[in-house]
Each structure stands twice: as C-alpha cells, then as structure tokens.
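So, here's a batch of structures to check.
First chain A sits with chain B, and in the next complex the same chain sits with chain C.
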Partner chain A sequence: MELLNKIFVAPFADMVSAPDFLMQVLWEGLVSGVLYALIALGFVLIYRSSRIFNFAQGIMVVFAALTLVGLHEMGVPAWISVALTLGVMFGLAVTVERVVLRPLVGQPDIILFMATIGITLFLIGFGEIIFGGENKQMITADLGIPTGDVVLEPFGGLLILQHIDITAVVVAGLLVLGLLLFLNRTRMGRAIRALGDDHQAALSVGISLQTVWVLVWFIAGIIALVTGIAWGSRAGVSFALEVIAYKALPVLMLGGLESITGAIIGGLMIGMLEKLFEIYWGGPLLGGNTESWFAYVLALIVLLFRPQGLFGEKIIERV
Partner chain B sequence: MKDTIEPHVTEDGRQIGGVLMEMKNITLRFGGVVAIKDISFDIREGEIRAIIGPNGAGKSSMLNVISGFYHPQEGEVWYRGAPRPPMKPYEVARQGVGRTFQNIALFEGMTVLDNVMTGRLTHMHASIWDQALWWGKAEAEEVHNREQVEKIIDFLEIQAIRKTPVGRLPYGLKKRVELARALAAEPSLLLLDEPMAGMNVEEKEDMSRFILDVNDEFGTTIALIEHDMGVVMDLSDRVVVMDYGKKIGDGTPDEVRSSQDVIDAYLGVPHE
Partner chain C sequence: MKTFTKLTLATALSLGLGGAAMAEGIFAPNLTYRTGPFAATGIPLMNGQKDYMTMLNERDGGIGGVPINFEECETGYSTEKGVECYERTKANAVVTQPWSTGITLQVLPKTNTDMIPILAPGYGFSPMANGKVFQWAFNPPASYWDGASMIMQHIAGGDMSTLSGKKIALLHLDHPFGKEPIPVLEAMAAEYGFELVLVPVGLKEMQNQSAQWLTIRRERPDNVVMWGWGAMNASAIAEAVKTKYPMDQFYGVWWAGHDADLKQVGEAGTGYKSISWSMPQPDAPVMADIKQHVADTGMTEQEDPNSVFYQRGIVISMILAEGIAAAQAEFGTGEINAEQLRWGLENLDISEARLAELGMTGMVPPFSTSCSNHTGHSGAWMLEWDGEKFVQSGDLLQADRSFIEPLELAQSAEYADANAPWPINEDCE
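Right after this comes the complex of A and B.
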C-alpha cells in the first residue's frame, strides 16, 4: 500500500502542492531536451541522406568543444576560435566524405556504420594528441554568455532560470527552427530528404551526392559545436561529454530514425520525462541517479510496442 | 550507315528537328568484357528513338553512357552540337537529360507528389535564404513549380494517388510516377529504360499512350529501351538494334524489320 502510494499518489500530490518546483523540474528537463533533440537531428540528417547511422556524432561534440577551448588556450580570441572551429568541422566533413564515404558508396549499411566507429576512434586519438586528455573549462565567459540567473516567482514560489540555460534553449531552438526551414523549404533540404531513399534516383534528378554529404556532415558538426558549448558550460569539456550524445539514441528510438519532428518531440519528451522521473519517482523510490538509464529503458518499452518508433514511418512489407 | 535525314514533319504532324545527341564510336569495357563496341547513332529533336536487342546486348549500358552513369573508354558523346566532357550523372541531369530506371528508382518513403516535386529541383533558383523564408522570388518559383507538377500529375492521370507514399503503390503505378518525376524536370531528352517491363497488356497500352502523348504534347525527345518488339515498332520513329555490344541495324521500324541481319540476330523468322 505504501509502495502504491509512493508510485501513484505521492508524486502527483507533490507536483500539485509545489507547482513552482514542478516548473523548475520541467524547465531543467526542457534544457536537456532541446539539446538531445538537436543531437538527434544531427543523426536524422545523416541517416536520411545516406542511411548511415553515425556513431561518431557523440565524439564530434567532444572534438568540437575541445577544438574551441584548445584554440582559445593558444591565445586566439573567443569568437575567432568559434569561426575557426566551424572551419575545422567543415574540414572534417570534407575529409569524411572524401576518405571514408566516397570509397564506400554502395557498401552494405553495416560497413558504413563500422566506418563511423572508425571515425570515432580516430577522433578520440587525434583529439588527445593535439589537445591532451585532461578536463578543460568551457570558455563561457569569453564567449559573452551571461552567467547569472533570472528569478521568477510563479504561484508565489521560486523559479530560477540560469542565463546559460536560457541561452542554450534560445540558440538551440533557433538552430532547430533554421534546420526545419532549410529542410522543408530549400532545394538542398529537399535533396537531403530525398537522397537516402535512392541514390540513383537522386542522381537522375540532378542531386550531387558529394555536396549533400559534405553539407549534412557539416551541419552535424555545427550541431556538435553548439551542444559542446552548452554542455561544456555545465559539465566541463572532457571525453565524458560523449555520453551526452548517446542520449540521442533513445530519442531516435522514440522518434524514429527518419522523422525530423520525431527527433524534436522525442528529445523534449526524454529530457523532461527523465527529469520528472528522477525527482518524483527515482529519488524517493530508487535512491536517485535514474537519469543515466531512464531514457534507455523508456525507449526499450516503446520499441516493444512500436518498433518503428512513435513517429517513424510505418514499415510496410509488400510480399 | 550514316543517315541523311533533314528536319521534317512526320505524317502525324510532329516536328522532327536536327541532331540533339550523337554517340560517336562509343566503346565501353568492364575489365575484359566489351559491353559496347564502336557504336555510333544519333537522336534527333522531337523523335522517339528506340534501342532494342536481346538480353545482354548492351542496351542498358548505352543508356547509362548517355545519362553519365558509365563513361566509355573510347568515343565521344555529342550533345547540342558539342562534345560533352565526362560528366557525373547529376550534371547530365542538370543539362536537361532525364531518365527512368529499369528497376524503378523512387523515393519510397515520400508521397507521389513529393517524388514528382524532386523532379523540379533543377528548376529552383532562388537563393537559400529566400527559399527558407519564402521571400523574394522564392514564393513565385514555388507556386510555378507546383503548377508544373500538378499539370504533369493530371497528364499522367495519377491525381488519385498524389498523397500516397510511393512504397504502397503497385508496380505499374510506380513506373508511371517515375515517368512523372522525370517529366517534371522538363527534360530536353528523356531516357526510358524498359518502361513497360513487367507490365500486363493493359498497363503496356496505357504506358504506350503516355509516351506518345508526352512526345506529342511537350515535344520531348525520347530514347527508350524496350524488350517488347511489337510495342517498339508501333511507338518509335527510328530504331537502333544492338546485339553482343554491336550495332546491327538502324533505321525506321520498317527498315529494321526487313533487315536480314536483324532478323537473323534478334527477330528470328518473320511472322508474315
């Protein structure tokens, strides 16, 4: 009875009795969720345009953040470091397309997937050689990101919004919006959406595989940098950041690998649900630290009932 | 066997113009295998040109050479009166050469409408910012592109399935959607790789009618590969016959039908 009460009654009673705290929890979930959604979008873009599941997305976050911080440590002004890092991510996109993707065109998906694991390992080693393996501080202040907080008082309670978080949500939100416009409205965006389905068909309507691939890997690189800055500001820049990107995996399982809307909604859902679960159920019942696994279990449960994800295109097999 | 056809008007009133594309002594090898051996022929503006031949004769290879998927070791491809440098398939497409595939290449996850819309990609010129925000000429362009696409959808009688994901369609309709997408690009030259393969008689008749109508209505030059001899002879103005990578005949359906080489190699004993 006690247990049932703790599962079905107490959490909701808590939510109602302290709505300001609930809002705080939801806000923090939203911040994580926006970033998950952003990373998931990076995966979806690459998957849709090439049917490659890009295992390297996680390490790209670390690599971008390391490059940014590393350049700044060498005495390059902060904003020029950002520009240079974008240049490096573009260089990475071109290199990946040239050295890895182009020679492997037409190979089975699993081979391309393995190749992205290769890219991951390479970036880990390369990053450590150049920037070292120790934990670094994100250059939040130098980038002009405010570090204070906004205090609101909804329902006579207290709601604290960190400036860093607000900035992250706004920037990530704008980036998502920009990507949506780009994908749905522009020539290139339509090409990206078409390409993954059939390479030959894409070529026959005048789409260049190479250009699109470089572009999606570069977009994935930009996303990696933004996520790297946002997350690095909270947790420091180290190879542990890679784990954040893997949170995009359950997001993808929820949202479906192909669905852009799915990635966004999935990301926000996971971000908020894992926070809610941690605070209202995980903490009291399981002693906390549920955030590290909650998303994966949730995704597993969804997969049992909807293998194509919540928003994935329905798989229809013609026999 | 160089023909000397001048621009003329056919019996049924279609305008046949000058040479649009010319293959000059094309030889294509895959390692030791010679797929195409020293073949020359031309395609004239406004005509329906067929390439026929038994299995493995090199017909599809020839189409792939024209559309830039293969690059011949010897010989030149002339387009609009000038030799064409080796090009990637998407560059050829942007030059106005559209095509369909033997094994249907469609974007299965997208709707019919979206598939046909991709055919308009080469006709979108507004800048990336205008397109994203629908400023400037982007909106007018989009409206125009949609109009063109709807026209083609009407023309090929696939209005009823506009919003259906292509993956759900039966084979015959997929073939038609593929034709629609190729047409949406308003190609100067349309290449059809076995447009009627695997169709039943009724579907074949529909497809033949569409091919003739496209040629008649839009004046599109069409080069097609086909197995079904009867269909080819009825459709085309001129026919190239290939066998074992070589050209063994070239001319009007009647000329080809009566050529002894062709009869021996491909047609067997004539029915009449």
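Right after this comes the complex of A and C.
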C-alpha cells in the first residue's frame, strides 16, 4: 500500500504542494533537453546525408570546446578564438572526408561506423596530448555570455534561472531555426536532403558527395562548438563531457535517426522526463541515479511500439 | 618542439612497460590516470609522485644508492585497464600503486598469492588498516573512514551529540570509491541520531548534476559531504554555487580539494572545506630540492608547485621511499624485493624529526605503522577555500578510532570469510 502511495500519490502531492520546485525541475530538464537535442542534431545531419552513424559526435563537442579554451589560453582574443575554432572544425571536416570517408565510399555501413569509432579514439588521444586532461574553465565572461541569475518567486516560492542557461536555450533555438532554414531554403540544404533521400538519384543530378560530406561534418562541428560552450559554461571543460554526449543515443532511438524534428522533441522529452522521474520517483523509490538508465528504458519502450522511433521513416522492403 | 616531446612521451607510454622491468634499479610502477574523466585529479598527484622520485634519483642517485625505476602505466581510472596494468607490471615490481578503490578491490585478493604490497595512500578499502587480515595492503596515513569521522567531528564542533536531529547529505560518486564511507556514516547516523541522505552521482552524470542538486535543495540538509573524484568535484562546486547552497556547510573528502576546481568559482566558493592529510608548504626544503633538481632542469610537467594535490603527490612518494629505505636498512641490501618492502611499509616511522630531516615539516602529520596497523591514522587538517586558495582552518583533527576500529575488525573478518581460505597473520598482535 505504501509502495502504491509512493508511486501514484506522493509524487503528485509533492508537485502540487511545491509548484515552484516543479517549475525548477522542468526548467533544469528543459535546459538539459535542449543540449541533448543539439548533440542529437549533429548525429542526425550526418546520418541523413551519408547513412553514417557518427560515433565521434561526442568527442567533437569536447575537442571543439578544448580548442576554443586552448586558443584563448594562448592569448588569442575570445571571439577570434571562436573563429579559429570554427576553422579547426572545418579542417577536421575536410580531413575526415579526405582521409577516412572518401576511401571508404561504397563500403558497408558498419565499416563507416567503425571508422567513426577510430576518429573518436584519435581525437581523444590527440586532444589529451595537445590540451592535457585537466578540467578547464570555459571562457564564458570573455565571450560576453551573461553570468548571474534571475530569481523569481512564483507561488511564493523560489525559481532560479541562470543567465547561462537562458542564453543556451535561446542560442540553441536560433541555431535550430537557422539549420531548418538552411536545409529547406538553400540550394546546398536541399542537396543535403536529396542525398539523404536517395544517394544514387542525387549523384545522378550532379550533387557532389564530397562537398556535402564536408559541409555536414562542418555543420556538426559548429553544433559541437555551441554545445561545448553551453555545457562547458555549466560544469567546466573536460573529457567527461564526451560521456554526456552519449545521452544523445536514446534521444535518437526515441526521435528517429533521420528526423530533425525527432531529435529536437526527443531531446526535450528525455531531458524533462528523466529529471521528473529522478526527483519524484527515482530518488525516493530507487535511491537515485536513475538518469544513467531512464532515457534508455524510455527509448526501448518506444521502440517496442515504433521501431523507427517517434519521427523516423518507416522503411518497408518488399522481398 | 614541446608538442613533439609530448607525442614521443605519449607513444612511449602507450607502448606499455615492456621494457620497464628490464631497466636497472628498484621497479616501483605507478598505475596512473592522466587521461579520461578523472585526469583533473590525477595529473597533479602523479606529477608530484614522479617529481619526488626523479629528485631522489637526481640528487641522491636513488634510495640507498639504488635508482628508482618509477614507470607509469596508464589506466584512465578504468578498473579493467588497472587490473591489466597490474598483471603487466607485477613480475618485477616491488609494489603496486593501483590509484583507484575499484582497482584496489580487484587486486587485493591477488596480492596474497603474488606477494606484492599494495600501497594506496589515503584511498582503497578502509578495513585494509587491519594488517593482521590484509597483510599485503597499506593505506597510510589515513583511511576514508578516518576522513568521514574527522569531517563529522568538524561539523559537530567536537561534540557529536550536537548532530542529533540534523540532516547530512552524502553526495557521492556511484562507484566503489564513493560508496566507501557509507558504512561508517550509517553507523554514526544510528549512534548519534542524525539523518543520512545518500545522493549518488553516476559516472555519466558527473558533469550534469542538476538533478542531484535539486534533490539537495528539496531535502534542505544541514550539511553536504562530498565524496567526489575527477570532473565530479568541479561540477558539484559549480552547482552548489548555482543553487545558492551555503558553501560553509559544504565539505569534501581529500580528493575533493583541488585548487583548480575552486578557482573556477573563485570568491563564490569561499567557505568550502576539504579534509586533508597533507598541507602545501611552499617554503619546505624539499620543494627547493625539487625545484633545483627537477623543475630547473626541465623534468617536470607541473605548472603550480604549491597546489594541494601536487604536494600531496610528493608526500605519497615520500611514504613509498621511506618504506624502501626502512627495508634496505633492515635487510642490509639496496635491491630489495617485494616481501622486504612489505616489512618496510609495516615499519614506517614518519616522526616530526624524520619529517624535518626530509625537509617536509608540516606537509603531513607524523604517523607510524605496524603489523596490525597498516594505516597509521595520522589525523588530518581541515582546509578552507578563502576565495583564492586553500588555507588551514583549525588544528589537526583525529578520527574517533574507538568508534571505527570495531567496524574495521568486523568488515575485515567478513571479507576474510567471504574470500576463504584467506591467510591471517596470527603472529601479529
């Protein structure tokens, strides 16, 4: 009886009795969700254009953030460091296309996936040699990102909104909007979508596979940099950030690998639901730390009913 | 050129220690974690360890005239890689320094048959203090249970009865290391009437602790005690500031007292405390020797020689060096073996006078070990962040041994039973 109370009554009573705290939980979940969605977008873009599951997206977040901080530590002004980091991410995109992807064109998907694991391991080792393993401080103030917080008192309670988090949500929103416009309204964006829809047909009308691959890897690099700045501002920049990036995997399972909408909605859903579950059910009933597995269980449940994810394409193959 | 040197070093490290055992001298490998999510803690500690041994080799030609072959095997704090490193280095090693409670627990049963002492200063399984049961394991100068006891005494202001009715949150890594203080804190909660709230942080959530700090906000504990390592510490401190938790009610174990973690919040971290069995002493003669023989000759990678963790690394290598020196003196040989080092570690006598001779006065409290006491129980100081650096807060604290010892005896007996047949040193009183 007590168990049933803890599952069906107490959590909702808590929510009603402390609505300010519920709003705080939802806000924290929203911020995490936006960042999960950003990482997932990087995966989706590359997958849509090349059918490659880019395992290196997580380490790209770390690498971009470390490059930015490293350049600034060398005395380069903050915004020039951002420009140079974008240059480095472009160089990485070109190198990956030339050295890794181009020689593997036509190989089975699993080979390309393995190649991205290789890129991950290379970037971990290379990054540690160049930047070291110490936790670094994100150059938040130098970038002009506001610090401090907004304290609200809804329902006579307390709601703290960090300026950094508000900035992250706004910037992520603008980035997603820009991406959608780019993909839908520009020639190159349509080329990316065409490649995702049908490789052979896209090639036959003169779309350059190499150019598109470089472009999507570069866009994934931009997303990685924005994500790295946002996460790094919250908790510092270290190789532990790579682990957070794997949170995008259940987002992809939930939202579908090809769907930009799925990545965004999946990220937001997982971000908010895992926080709600941890605070109101996971902690009191299971001792906490449910965020480590909750997203995967949620994604698996969705896969039972929709194997292609919530927004993925249903593939029907006739035999 | 510096990058090239780093590349060469990385290549050499990644090629493993195949050649290490072939080199002359006493082979004392260190299972390091300079990479991965915990590197922020590991790098300064391992720099300190290495620099002290390099200084001894350069200044004195080693210990007792025998050079120390202080090779590193990188584990990335992974238990699997740590066990692999242990297996790879054990053939000629006189000691193993596992550098993780997880690795220590895996290696612990093997050392009885391999007959290699485990040296785990300030970490590992707390009941290892009982040398009668754990003949090959050493965790000087203080165990985690000692640390938990000293933190609780500081919170209680010396009178444990004042803890009655309080709520204490333990924010801990969900890993053997982070779970280590739970038995002693639970026993204290039962004895002194405070409520213990466990707030675990998963390895994947180290940099995403908003849920944990929401829990802390809801529970409103009187104090938060952090058992954190690596990237977890910096995130927790940032979250504490963000959620406006009173920093003077926030305590950390000695691995959660890294200068760099606090520098990121600066002034806002003022009042945060960390228990520490080591104390940076910038003017200590040993620091001048390290500067002269290691730093000035370009052999160090450490940028801040006065940080808490770097100087703690120096103390850790001093403990090993003293064990080696004691064994050399006892057995009349320079090239000691693992069994002889075990005797040396069991007969450490780090007195005030000896610390003065070593040029390390004030860097660690005096302590000594014996066959039944493999920890030494030196006590520790409370460090407090003043907005710019850690400073000593109050006098040396001592663990309540009368409370901890029965638990140690019970848990070591339980361990021996669970791993029977487990050899017990019956000669040890």
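The definition used in the following text is that the second predicted complex is superposed on the first by the 318 of 319 C-alpha atoms of A that agree within 3 Å, B and C clash if a C-alpha of one lies under 4 Å from a C-alpha of the other, contacts with A are read in each partner's own complex, and residues count from 1 in each chain.
The rule is simple: a residue touches a chain if its C-beta (ideal position, glycine included) is under 8 Å from a C-beta of that chain, and two chains touch if they have at least 3 such contacts.
Note that the coordinates shown come from a computational prediction; the quantities given were computed from them, not determined experimentally.
Trainee: After the chain A overlay, clash or fit between chain B and chain C?
Mentor: Overlaying the two complexes on chain A (C-alpha atoms) leaves chain C and chain B fitting together cleanly.
Trainee: Go through the superposed model and pick first if A:V243 touches only chain B, second if only chain C, both, or neither.
Mentor: A:V243 sits against chain C, while chain B stays out of touch.
Trainee: Applying the touch criterion given at the start, work out whether A:D20 contacts chain B, chain C, both or neither, answering first, second, both or neither.
Mentor: In the superposition, A:D20 touches no partner, neither chain B nor chain C.
Trainee: Taking CA centres, what is the chain B/chain A/chain C angle in steps of 10 degrees?
Mentor: Spelled out: centre of chain A as vertex, angle of 140 degrees.
Trainee: Is A:E73 in contact with chain B, with chain C, with both, or with neither (first, second, both, neither)?
Mentor: Neither: A:E73 stays clear of chain B and chain C.
Trainee: Who contacts more of chain A, chain B or chain C?
Mentor: The partner with more contacted residues on chain A is C.
Trainee: Once the structures are superposed on A, label A:A235 by its partner contacts, choosing first (chain B), second (chain C), both or neither.
Mentor: A:A235 contacts chain C only, not chain B.
Trainee: Which of the two partners, first being chain B and second being chain C, lies in contact with A:S32: first, second, both, or neither?
Mentor: Only chain C is touched by A:S32; chain B is not.
Trainee: Considering only touches as defined above, state whether A:G178 meets chain B (first), chain C (second), both or neither.
Mentor: First partner only.
Trainee: Taking the superposed arrangement, what is the smallest distance in Å from a C-alpha atom of chain B to one of chain C?
Mentor: 34
Trainee: Taking the two structures together, which residues of chain A meet both chain B and chain C?
Mentor: none
Trainee: Which part of chain A faces chain B closely enough to touch in the complex?
Mentor: Within the complex, chain A touches chain B at residues 178, 181-182, 185-188, 190-191, 193-194, 197-198, 200-209, 258, 313, 316, 318.
Trainee: If you look only at chain C, which of its residues touch chain A in the complex?
Mentor: Against chain A, chain C makes touches at 3, 6-7, 10, 14, 34-37, 39-40, 42-43, 174, 198-212, 214-215, 217-218, 230-231, 234-235, 238-239, 242-244, 260-261, 263-264.
Trainee: Report the residues of chain B in contact with chain A in the complex, numbered from low to high.
Mentor: For chain B paired with chain A, touching residues are 67, 69, 88-91, 93-94, 98-101, 105-110, 114, 117-119, 121-122, 124, 128, 131-134, 138, 165, 167-168, 181-182, 185.
Trainee: Which part of chain A faces chain C closely enough to touch in the complex?
Mentor: 18, 21, 24-25, 28, 31-32, 124-125, 128-130, 132-135, 137, 149, 160, 162, 231, 234-236, 238-241, 243-244, 246-247, 274-275, 278-279, 283, 287-289, 291-292
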